[in-house]
Amino acid sequence: MAILEVENLSVSFLRYTGMFKQQTIRVIEDLHLSINKGEMMAVVGASGSGKSLLAHAILGILPENAQMSGMIRYCGETLDPVKQAALRGREIAFVPQSVNSLDPLMRVGAQVRMTAKGKDPIAKQREVFQRYRLPENVERMYPFQLSGGMARKVLLATATVSDAQVIVADEPTSGMHVDDVKEALQQLKELTNQGCAVLLITHDVEAALETAHRVAVFFAGTIVEIAPSADFSGDGERLRHPYSRALWSALPQNKFMPISGAQPHPNEVREGCLFAEHCPLTTIDCKNKRPEMRELREGMVRCHHAT
Amino acid sequence: MQLHWIRFLVMKILRLASLLIAVSVISFWLVSLSPVDPIQAYIGADMLRVGTEQRQAIASYWGLDLPPMERFIRWAAALLHGDLGTSMIYRQPVAEVIHERFSNSFWLMASSWILSGIIGFVSGVIAAMKKDTWVDKMITWYCYTLVSTPTFWIGLMLLIIFAVWLGWLPVGLGVPAGVLAEQVTIEDRLRHMVLPMLTLSIVGIAPIALHTRQKLIDVLTSEYVRFAIARGEQGLGLVLRHGLRNIALPAISLQFASFSELFGGAVLAEQVFSYPGLGQATVEAGLRGDVPLLLGLVLFSTLFVFIGNGLADFLYQIVDPRLRGGGRA
Amino acid sequence: MMERKIKRFTKWKFPIYLNRRQRALLSVFFAVCLLVAVGIGGTLLESRALSTSLTERNVPPSFEHPFGTDWLGRDMFARTISGLVLSIQVGLIGAASSVLIALSLGLAAATWGRTADRIISWLIDLFLSLPHLVTMILIAFVSGGGMKGVVLGVALTHWTSLARVIRAEVLQLKSAEFVQVSRRLGKSRWWVASRHIFPHLIPQLLVGLLLLFPHAILHEASITFLGLGLSPHQPAIGIILSESMRYLSTGMWWLTVLPGLALLTVVRAFDRIGDHLHLMLDPHRSQE
């Protein structure tokens, strides 16, 4: 039962090119996604490909110069900006990437308490801090006093105290030590055991595969495949999209083979499939028609030739 | 903790001392280069009628016939005893002149400082919260225009409107003309202070509002406010909780650093309204070559600005936990 | 269905949509036109500014004399324009000198070693510890008044913030990787300076000059108003306004209001150009 569904999501920006002209740049294009209750889905893809914007779009916190279109449904209900505002922080929570997301002049305990709903925010905050093994004096500290790992836990705590049903985590483990990464992802997994849905946005493919139930592969502004994480094994035969296979092969423990070329620039407008240039299976069809997202085995894929 | 504040105070005093020394040396040296003949300035138009002997007597009375180095040492020594010399224009000790005039200017500057601070801050916050609406556009248009306007012209306009056309307020001076000192009431003093104070306030609002607005906009587009919005905070509560705390520091520092502009504005406003304050005294001293008074005023204004900046530093230390020396965990 | 479009501002007069930068260019264009008009007007009206006419004294604004006439029958409009041109010239010289001082001291602070940097920083603090007007009065007194005093005063009070900016820029550039790589590759100091450093400095200098300039004009007008600046023979705006004070109670408001408005408009025009240029060059805010 899908708790969050995203359909046809497109996000674009208006930028100045040259001195005086403005141009629309599409960063996310026609994206489809759905998550079920109690499931952890990882969205993996190259750095800087626009994955964070997906998180911002779901929460409705895109910057002023962004344009958005598409449909987002929560528990079957279509969202508009008003409903998004009502759900933020209560049913849908966000775990940001860096400690700069905390108010530098407010103690972290107070900040965490602000998201805690219910009668006793202080107790809830203390309980969550204990769960993450943060010492007692941390709640009185200011953000600049936190070490990297502590900051990470505090940011996670802001989402946990809110009893949200959906947690969107934006690169929560970037730059962290391998052991800490495992620990952080385990904590997120625990939340799914309590019925939460977690959308984990990351570029750390290996770590994601260990904890997530399903993986969505992000390329050039859209999701090209959604697969159970078990499919990422062996030679990647069970994967559906050529990019996913290439991504799997590129990992150090596998063939460590890079893909030629680079991601298409958001400025370039293309008719057909955006992966056509690098794909070994390209045909004329691929260059002319953009493939639609379709179901295949237990996953989804955006490719004309997938089997 | 106490140690921290004691160190702070001691460093400030040392800085002040070195600053005052530097300023006095440099200004004295500058003044000694002046082509203006102080004796001539003192006597004025009667120069021709004053004989050489008289001039010599005047020169030795004021110590003007000694070489510059000696003059400086005499002056500096007197300074350390608290004697700033005697004003040539007012025939009073410089310290007295400054004291008297400062008490007039003080109320003028203080009231417009507070008024423009409050109005400027509130306008800046409103403009930032309602960014790009007509309220914001109006406020920014007003501020930008005001920043390009000479202070003394605003004073003249107020004079024309309120004193000449409407006759509501007096045209100038600090107290009603021709009235004995004992009979001057507080009301009289206030009435004479209104127009110069309004002049200073009107001009003072603009930079504060613009600065506050920009800083609040920076805060509202920052990462932590975005995260606060993501957590469901909104509206006035959001601005008050995160915005105010984070613009308090720049606002304070701007407010206290504006002591310098305040003094400059007071010079112009007092000139327009012939208000007997420190500003007007500075102009007179400059025009008529009253060296002791001018030097005394230069030192005083240095002290004034320094106190402003010092207070800003002090408040900064109190408000910002990062400066209080909290270490990383 | 969720749709979120950004707000697009259309000028209510024109049906074409202009983005923010294009609107900025338009306002800069109008400002430049205004200033050119003032400049041309100044040269054309010079003789009219000085000619007196005893029959036409104290005339309020009319078709013949858009700004009225003064107690000597001089046309106030012509006087104002000449006064503006004079103030602009003095302001420009003062501002340019200030920029030169800022450039030299900023560069010196960044490139002559720690001691030079400390001395110059101390100097900056010194100049900042006095109100501008007080320093200018002191310098005007010391140089005996007149244009010399005003220009010197303006030059010596406005260099501080620009010097700091230049110092910061050069320091940052010096330690930037691409500069160090160039040096390693054997390029001479001059080459590095001209290819890497100056191109970064020139926009800052330009913006600095454009932002400083209106302030210089205002300060010049203020000092002249106080009586410490240009002599009464040269009809600068400050003189015009201070002389007008004597006639206020006789109701000759046009002697004060109109020249002041003219000064305001000119300074505003310059400020506007400077502000827009500054906004365009500031990488954080150039995408608004």
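We call the chains A, B and C, going by the order they appear; numbering starts again at 1 in every chain.
Convention: a contact is a pair of C-beta atoms (placed from the backbone, for glycine too) under 8 Å apart; a residue touches a chain by one contact, two chains touch by 3 or more.
These numbers were taken from a predicted model, which means no experiment stands behind them.
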Chain at maximum distance from chain A, centres defined as averaged CA atoms: B
Top chain pair, ranked by how many C-beta pairs fall in contact: B-C
Interchain centroid distance [CA atoms averaged], chain A/chain B, Å: 55
Centre-to-centre distance between chain C and chain B (centres being mean Cα positions), rounded to whole Å: 22
Gap in Å, rounded to a whole number, between the CA centres of chain C and chain A: 51
Overlap residues in chain A, where contacts from two or more other chains coincide: 64
Complex contacts: residues of chain A adjacent to chain B: 59, 61, 63-64, 85, 88-90, 93-94, 96, 98, 100-106, 114-115, 138, 141-142, 144-147, 150, 158, 162
Residue ranges of chain B touching chain C (in the complex, touch as defined): 19, 22-23, 26-27, 30-31, 33-36, 132, 144-145, 147-153, 156-157, 159-160, 164, 171, 260-261, 263-264, 267-268, 271-272, 282-283, 285-287, 289, 294, 297-298, 301-302, 305-306, 309
In the complex, chain C residues that touch chain B: 7, 125-126, 128-134, 137-144, 214, 218, 221-222, 225-228, 241, 244-245, 248-249, 251, 253, 256-257, 260, 263-264, 267-268, 271-272, 275
For the chain B and chain A complex, residues of the former touching the latter: 221, 223-224, 226-234, 242, 245-246, 320-322, 326-329
